[in-house]
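Look for subunit A in each of the two complexes below; its partner is subunit B in the first and subunit C in the second.
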Partner chain A sequence: MGLFGKLSGWLSSIFGKKHVRIGIYGPPNAGKTTLANRIAMDWAGEIVGEVSEIPHETRKVQKKDRVVIRDGKASLTLDLIDTPGIATKIDYHDFLEFGIDEEDAKQRAKEATEGVIEAIKWLDNVDGVILLMDSTKNPFTQVNITIFGNLEARELPFIIAANKIDMNGSPATLQSAFPQHEVVPISALEGINMDLFYEAILKTFGKKGR
Partner chain B sequence: MPHQCLKCGKVYKDSRYVFEGCPECGGKSFYYTKKPLNEEKRKKLLEEIEKDDMLTGETLDDIFEDIRKKKEAALKEAEKLKEKVESIHVKEAGEYEINVRRLMEEGSIIIYREGTYYIYLPSLFSGKK
Partner chain C sequence: MEIKVNFISQEKLNGFSTDEKLEFILKEVEKGQILVLERGLKAEEQTKLIEMTMNDVNEKFTGIEMESYIEEKPTFLQKLLGKNSARMTIVGPAGTLKTIYKDKDVIQAVIVGKKK
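Coming up: the complex of A and B.
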């Protein structure tokens, strides 16, 4: 650790953590990359990665460092980690319908599976998590429940964001599915409720850290 | 941008109806669009949404009941998964079953493929846990 590292470590021990590494986790197609792009665009003016309708488009962890979020006096620097979607089943047949040929589809499935492993390994290296769910879908999937339980066991601070409220309004049901936890309804695509979301980020991750 | 009720096609500027339901027909599915969709497209979207493991029910109580059932089913399935030792099961090239819980809870990775278990123990490689 260099002098600056020592100094900022000492400062943050006094003033609380101001620089955190946050992972965006969730099932495929919940809109993780769209959200990462939205945050990066809102605060740093550039995007993190390509978005597509095909599930498992993000198959490697993508990073965007030093995104500074401000709200009045409070500010927080995020290193954003956009992770591949976590799934219990990956089948190359599902890619064929998007016009991908068999060989490419199998390769994509293999990379997506490696992506799940990579995403989970990264949990050891983050200070907090944005757990992104699709508010138009059943919240009680293996993936959602398992991630939720594991984050609690790790005592990692996390926010549940209920995405796609522009498509169908059931953030209320998502909240009722996880009554002990704050659920922030957003549309990453349309930028709805992002002010609430950033408020929740500052509140949840502003004090914690490495 | 306006919201269009997928059921009756009425377009609203106010996004509160996305939460409250359509005042015309009670529809709960909305599409966010500049160009309103025709009936055929709306029907197709609605069908897709329904088969896509959406929460269903006419009233909020119905939806909560649906949630309760889905929660039970998910917990049951989670119990079953505990018995499996492998974290990844390669069924054939391009088909994978992933035991997310094992991957999250354990440092080692066990891959099952064509009758053989392959075990990756990070502690053997890094020299520490």
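Coming up: the complex of A and C.
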């Protein structure tokens, strides 16, 4: 690390971080791009990517740099990384149910596998993570458990956001699955509880001493 | 149809490096085997296994079904001793092993055999 890097790390540890790269991680269809769009729209007036009900719509990492979040005097600049959904299996037949023709479904499956690999590699390049889970589903999925375990092992700061509370989701179930972490119940689509969520971002990622 | 389930001891896997261990697991799963690992995979190993699986996914091999429990945060002493805190892991081909229920301490899975 150069002199500037050391100085910057030292200043961050005293005054807290001001600029961080944050990855949004989770299983397919948890609403990662919807959340990225919500954050980017709220603070920068632009969206990050297209959303769809078809799983693996995001098959490449999408970025939105320099999104500045403010709360009173506190502010934090985020480089947002919207990652493809992580999965342990990808079957092109699943895409046929959405009316996609076979050729395109196969291509989509291939791109989705590449997207999973890219998302995992990006874990080495983020300062913190928003782990987005679907509160309408069982929280104990292997993808949730694996990402959670990785974040703990890497000692990366992270927020668990329980999305889709507008669809009768159960953030309480999710909270009981991960009792040692704060879970922020949100609806990225409807913009519910986003104030709480931005507070958690400032508190978790702008923290001193990281 | 008979389906083999292999219970792999901690001692067997301890003899492998991480890469060798994951290659062994993936090779067995791609052959259609279901493995129960006495000492489970650590979260970083699970991620690496997912990465390796994605490299191998094709029209016939659609991936893996893997189940493990939430890994407890290692204690200071475990960290100091480099002890693996991971609990048991079950891994098999996605088309054969299917999880039907899971909570903090229970994993219910079914093995789907193809009719002859």
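Keep this in mind: the second predicted complex is superposed on the first by the 192 of 210 C-alpha atoms of A that agree within 3 Å, B and C clash if a C-alpha of one lies under 4 Å from a C-alpha of the other, contacts with A are read in each partner's own complex, and residues count from 1 in each chain.
The criterion applied here is as follows: contacts are C-beta pairs under 8 Å (C-beta built on N, C-alpha and C of every residue); 3 or more make two chains touch, one makes a residue touch a chain.
Remember, it's a predicted structure, so these values are computed and weren't measured experimentally.
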Combined model on subunit A: subunit C and subunit B, fit or clash: clash
Subunit B versus subunit C as contact partner of A:M41, first or second or both or neither: neither
Contacts of A:T88 with subunit B and subunit C, given as first, second, both or neither: both
Partner with the higher number of touched subunit A residues, subunit C or subunit B: B
Partner chain in contact with A:F148 - subunit B first, subunit C second, else both or neither: second
Contacts of A:V61 with subunit B and subunit C, given as first, second, both or neither: neither
Subunit B versus subunit C as contact partner of A:V51, first or second or both or neither: neither
Superposition clash, subunit B against subunit C - the stretch among 6-14, 24-32, 96-104 or 114-122 that is involved: 96-104
Where subunit A meets both subunit C and subunit B, residue numbers: 86-92, 106, 109, 113, 116-117, 120, 123, 138, 140-142, 145-146, 150, 153, 177
Of subunit A, residues touching subunit B in the complex: 86-93, 102, 105-106, 109-110, 113, 116-117, 120, 123, 136-143, 145-147, 150, 153, 165-173, 176-177, 187, 190, 192
Subunit B residues touching subunit A - in the complex, by the definition given at the top: 1, 3, 15, 18-21, 28-32, 49, 52-55, 60, 63-64, 67, 70-71, 73-75, 77-78, 81, 88, 93-101, 103-105, 109
Subunit C contact footprint on subunit A (complex, rising order): 86-92, 106, 109, 113-114, 116-117, 120-121, 123, 138, 140-142, 145-146, 148-150, 152-153, 177-178, 180
Of subunit C, residues touching subunit A in the complex: 42-44, 46-47, 50-51, 53-55, 57, 59, 62-71, 73, 94, 99, 102-104
